[in-house]
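I am attaching a structure below and will ask some questions about it afterwards.
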């Protein structure tokens, strides 16, 4: 067991010793410096371990000078303090290593002393049990920080240091005054002693004022809005190593003191103070960062925001009116937040040190070809943004679910801020991952280690909290996710990765076999696993260009979808949902359109956080348990699913995300991932809304679905990029599915579930074919193709059948969905929706023809003369997906019968009211349809006609492609003859006003509006030290005035 | 405008400060924890100067921090100014003969006086900080008077570091033999009102005195010497 | 009472300089003044009318000391506070020196590059 | 069953013949209105035979080859799915194969085949014509769908037989009179469907021979023609069933389809040609509004 005083004593002694040594033996000074940090780290680790192992049950009080407190000063070290010391010294150690590699500022001996004393000061702040001693340590920390901030001696650094010094001095003056007054008022300086005297709460106005004086001093150090201008300047101007130490360690120590002070001086208005200042700081930080072009200042805003969140949490943590269970949860959240933010920010700031230039644009391409950099950056950003599986996710969840219902506005605030955070962090991510690969500095040890800590902590954190919050995560799925990540190790060879992935997927199917039951989960699970497997086969071509992270991410998407459908609670669904979202984000980001991935990130995050808010409002976390009051939870939860389905007006991410994601991934995105939205909406309709209640909302959903179908179809008609066209088409089709789900009748659901599967078949087929075509032709721009039927007959045939199915023309499989849907609509009597649905499906013919014509028909362009048929794996998958289109066309019951079983397993639903006869085929109350007959009739008469034709026809003379009767002229080139550009220009003249990009403009307007507000808001940071000081004074006056009212 | 706004802020702040202080009537007895120091101070520490007892023993940890702060300031200053290309705004005039001669005379006396102050810190007003300051003022006097006066910087910082370390070591000695860090029971406390009394208090104060003296001297030297002549 | 008023006034005057003065040196002086004000306030808080300094160098003081001396604790605290004030001022001055060496001016308007 | 197929085949031949005849009649009438003599009403038969007997046929590829079969089978399928005489064991043909929804979608198959073949020919006019046709279809589909939905909702059935049965019991029970607005909308959209004036820009017969499939000739074109005429018949039959009360006998069917056939013919010869965007706009405004009247009525009455 180590006495905590030893940590302080040894550090001090070696600081003095380094002061001597630097003049004689520089190397030894360095050795002592590192050894001291190592010793401190170990010692504090031992103390912390003592608490963890239960050897130390209660906080230890170390008396100094031989007198018990309150006569002498004591150290008060509990679990939190020990952990904080570990944190401080680990960050210090990492920073020191980074410093050594990078080169210490000169004279280095003194720099090391300052560095050591800064970490010592922070530790002292944490450990001390005496208010005046606290002040002394605050000053040690501050003075060391002033010196270190100025250490790079640039203009910015000096300016920042000066501002820091002025504001810091005012703050410490407040603290000193408060401490002295406190002594006068209570006759003691010892924290525990005073706390004992104030046990019943602060009752006198004077004591309240004194407490507020101390608190407002601490709030300055905690970088509260609007008195945090100095902090931002420091983050921007100072040496990143110093900033890492300040943001990662010192400020956290101040936070701990803030907590302790507020705990020992129990002020009744503290709760509202923390909520107001925490909340405003959090929001201001997150939104002002939007306009920030300097990366370090951006990180600064983010740090400020995180501190705001911590202060907010402190309010709840210290509110004794809350249940102790929730307070414990919030405590855990605070610990996680601190841990998470400290290491992530350390990593980020040290990474920033490796990038030349300070602007966001200077980061362009830094992630490319720098795997260590990319790993550190990605894991840090994911941590801060609170994306599972990182620890930051748990912090957010614990915090939110511990907040009682009457403060749900605080939950909303937290979620909105989290969304704003995604916006600017992923903007940076987008910039960093695009463009030409760029050399970044190689000083990556420390950022790598600190982000590695974040990653390594994941299993532990999950182990602790998923049980505590009773989030049962499917163990098999977790295992599969783990194996998927392991595929990365095969990164040296793409074929091996491909094979490994196939094997993993096969194993996954084997493992999850018991879950293939005739219920909703089993239905979607089959779609996910078999569909994902089939599409995986086609990823093989072009794999040279794929990054080695492709296959792991692909598998993670597939298995997290399995996790989503197998979830039994909303929260575990949310977890897998997030994993799916963000791994797919990585995949979309691998394509060409980085802005697409950014938009996807924003909309997905908005949906996900809305869903989290909705889950928060639910009475029970288990799916299908408890009566849900009101419509709000349902609306919020379904937002996430609507985003994934890209339902208008949440669709604007979809075009580019589908169009510009990695070609090998798009089939999965469209064919299966968008169906997760269907799954989710289905859950909402069945378990939250109820299939027969809330008709108005479901009618609204129906309109959303049909309008999506209509407008996306219209947009597809005018789209000239193959993948983007398919993207719009995909979104439109999912709109139909949503419509069916919204109907809430067995027939409607039958239509939706049928179309879900069938849409997978034909749309995946189309996207796979598109991938093959683009791979061969080298472009996805439709007017540059044409005539490819001569080179890719198989792909043409496959595409033709897929298109017939897509258009819903009998006798192929697509018609069943249409027939069921219209039957359901007419049965339900949603007349106007029916009309629009019909019209939309007519419009679909326009783009269907466009695809076929522009790619395969017309004139083969000269540059495509040497194009070959798509690669073998793609062709194989095409055939695989083609067969069900034909088989289901003849025997739709192969799919409809399982769907009936699924429907009978759902509350409120029953098998679709379809009677099957031998002659009439499928018969409903409304109409009938004999699929097999149509197929046989069509195929039979087609064959007869063909044979008859072959016998009777004239001698066939095959002619070259240019040989057409073109007004008597001899056409010169295929390009002249091909009608490729502006295929529906005349139609655009008629209906162009319908596709005015209103939604895009509205979203853009919202974005610009927030930006303008943020710009206005951040102007308060004038950079003028007088102004900053005035803010401090003004704010302290306000605090003293408002919160001193003692009840 | 700015001025009036500032005044308004300050008046409000002053109002709150006044409101707090008005709760503590001026010059009226109100003992807190320091009643123990006053009543038991002599018995426990044998130091006549109760303030010193508090500073060095009861709240010795504060003083260690204080020494650290000073050390920190000196280090930070030396660190920052080491690479400063600071220039003087005005030409510097050499001091007159009288000043030179007088300062040379006062220099040893001042150092002696400083030493006296910190050696008697536990008996009389004053102590390590005060004595150290007096010593530093002697150095400053010489620096001002003589262009050619160069204190040995290396020696200064070495001694200063040693003094600081000895403070910490005394603290550790207390921890090892006396049961707690900076405990004042490792050497006999001695008689009241004697030079050799009060246990480790004079030892610490001597260390502090040296430290502060060397520290401030170094600090002043750094500030003056980094300014380059034109 | 006058001590209280004077010390608070000192604090406010120092703060006024920090809030209003556009010269860096004046701001540093303001901070110093503020420190002094706080120190005076601390000392005067420990004062008890009619008592002597807490130095027990005569026999008479040995008994019933607490009724004869002023509160020594504020004095001890102020000692620390003074030293800290000095340290802050020293660092502040060195920063100011560096700033001046960079830009050859002490006007605060020249030091507003970091903002927003 | 085999007899059913046999009768269906006979009906099909009859349908083709009647369709060709109607085409001839329309050419004759048009010519007379333009003070021309015009071809004989049998001209279409002659053309067909001539094409069928040609010695060589030019082919541009597989899809080009298959398209006429598509066209013929699509047209024939649609024709056979619409019951000619209700409750007749043979003349209701294959109407058991599907209801109105099935028919509406099956109709597209033939057009799709034709479009693909035409497009593969590599002639730029082909895709121009096809895209025009599709756009126009998007235009007229709206009023047509409105009226179809009105009927389906009103009769609570989606089968053609059901709709026909709902109109039995006198001329005033015809949907033409019970739902005049829906019927009006549908009949206006029929003009578009038949690509007759003023909606003829799709075929552009003055500029291009035979419209989009302009590259087709000889046997190929004969199949196309047969497909086209039987397809036209299918539409006439459908309109008869939907609005004119269906047919109780073959004769009634002849008469009523002839009535339906006359309607576009009258319009054709008095109007100039719309540009494409004009026709789409037209369909999405006037007939749509007219149809909406009945749609609103239905939705309020429900």
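Just so it is clear, A, B, C and D label the chains in written order, and each chain counts residues from 1 on its own.
Note that a residue touches a chain if its C-beta (ideal position, glycine included) is under 8 Å from a C-beta of that chain, and two chains touch if they have at least 3 such contacts.
From a predicted model like this one, the values you see are computed outputs, not experimental measurements.
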Open item on the list: Based on mean C-alpha positions, I'd like to know which chain lies farthest from chain D.
Closed with: B
- [ ] Could you find the two chains linked by the most C-beta contact pairs?
- [x] A-D
Task: Between chain A and chain C, centroid-to-centroid distance (C-alpha), Å - done: 50
Open item on the list: Quick check: how many Å separate the C-alpha centres of chain C and chain D?
Closed with: 99
Open item on the list: Just the number, please: Cα centre separation of chain B and chain D in whole Å.
Closed with: 107
TODO: Could you list which residues of chain A touch at least two other chains?
DONE: 132, 136, 139, 143, 146-147, 150, 153, 177, 181, 183-184, 1026, 1030, 1033
Task: Where chain B touches two or more other chains, by residue - done: 2, 6, 9-10, 13, 17, 21, 24, 31-34, 37, 59, 62, 65-66, 69, 72-73, 76-77, 80
Task: Contacting chain pairs - touch in the sense defined above - done: A-B, A-C, A-D, B-C
Task: Complex contact set, residues of chain B against chain C - done: 2-3, 6-7, 9-10, 13-14, 17-18, 21, 24, 26-29, 31-35, 37-39, 41-42, 48-51, 53-55, 59, 62-63, 65-66, 69-70, 72-74, 76-77, 80-81, 84-87, 123-125, 127, 129, 192-193, 219, 223, 226
Task: Residue numbers on chain C that touch chain B, as the complex places them - done: 1, 3-5, 8-9, 11-12, 15-16, 19-20, 41, 44-45, 47-49, 53-57, 62, 65-66, 69, 71-73, 75-77, 79-80, 82-84, 86-88, 90-91, 93-95, 97-98, 100-101
Task: In the complex, chain A residues that touch chain B - done: 3, 5-6, 9, 12-13, 15-17, 19-20, 23, 62-67, 70-73, 105-107, 110-111, 113-114, 117, 120, 124, 130, 132-133, 136-137, 139-140, 143-144, 146-147, 150-151, 153, 177, 181, 183-190, 193, 204, 206, 209-210, 213, 1026, 1030, 1033-1034, 1036-1037, 1040-1041
Task: Partner chain D, residues of chain A touching it in the complex - done: 787, 789-790, 793, 796, 800, 804, 807-810, 815, 818-819, 822-823, 826, 829, 831-832, 834-835, 838-839, 842-843, 845-846, 848-850, 852-853, 856-859, 919-921, 925-930, 933-934, 937-938, 941-942, 945-946, 949, 952-959, 961-966, 977-979, 983-984, 986-987, 989-991
Task: chain A-touching residues of chain B, taken from the complex the two chains share - done: 2, 5-6, 9-10, 12-13, 16-17, 19-21, 23-24, 30-34, 36-37, 44, 57-62, 64-66, 68-69, 71-73, 75-80, 82-83, 154, 157-158, 160-162, 164-165, 168-169, 171-172, 174-175, 178-185
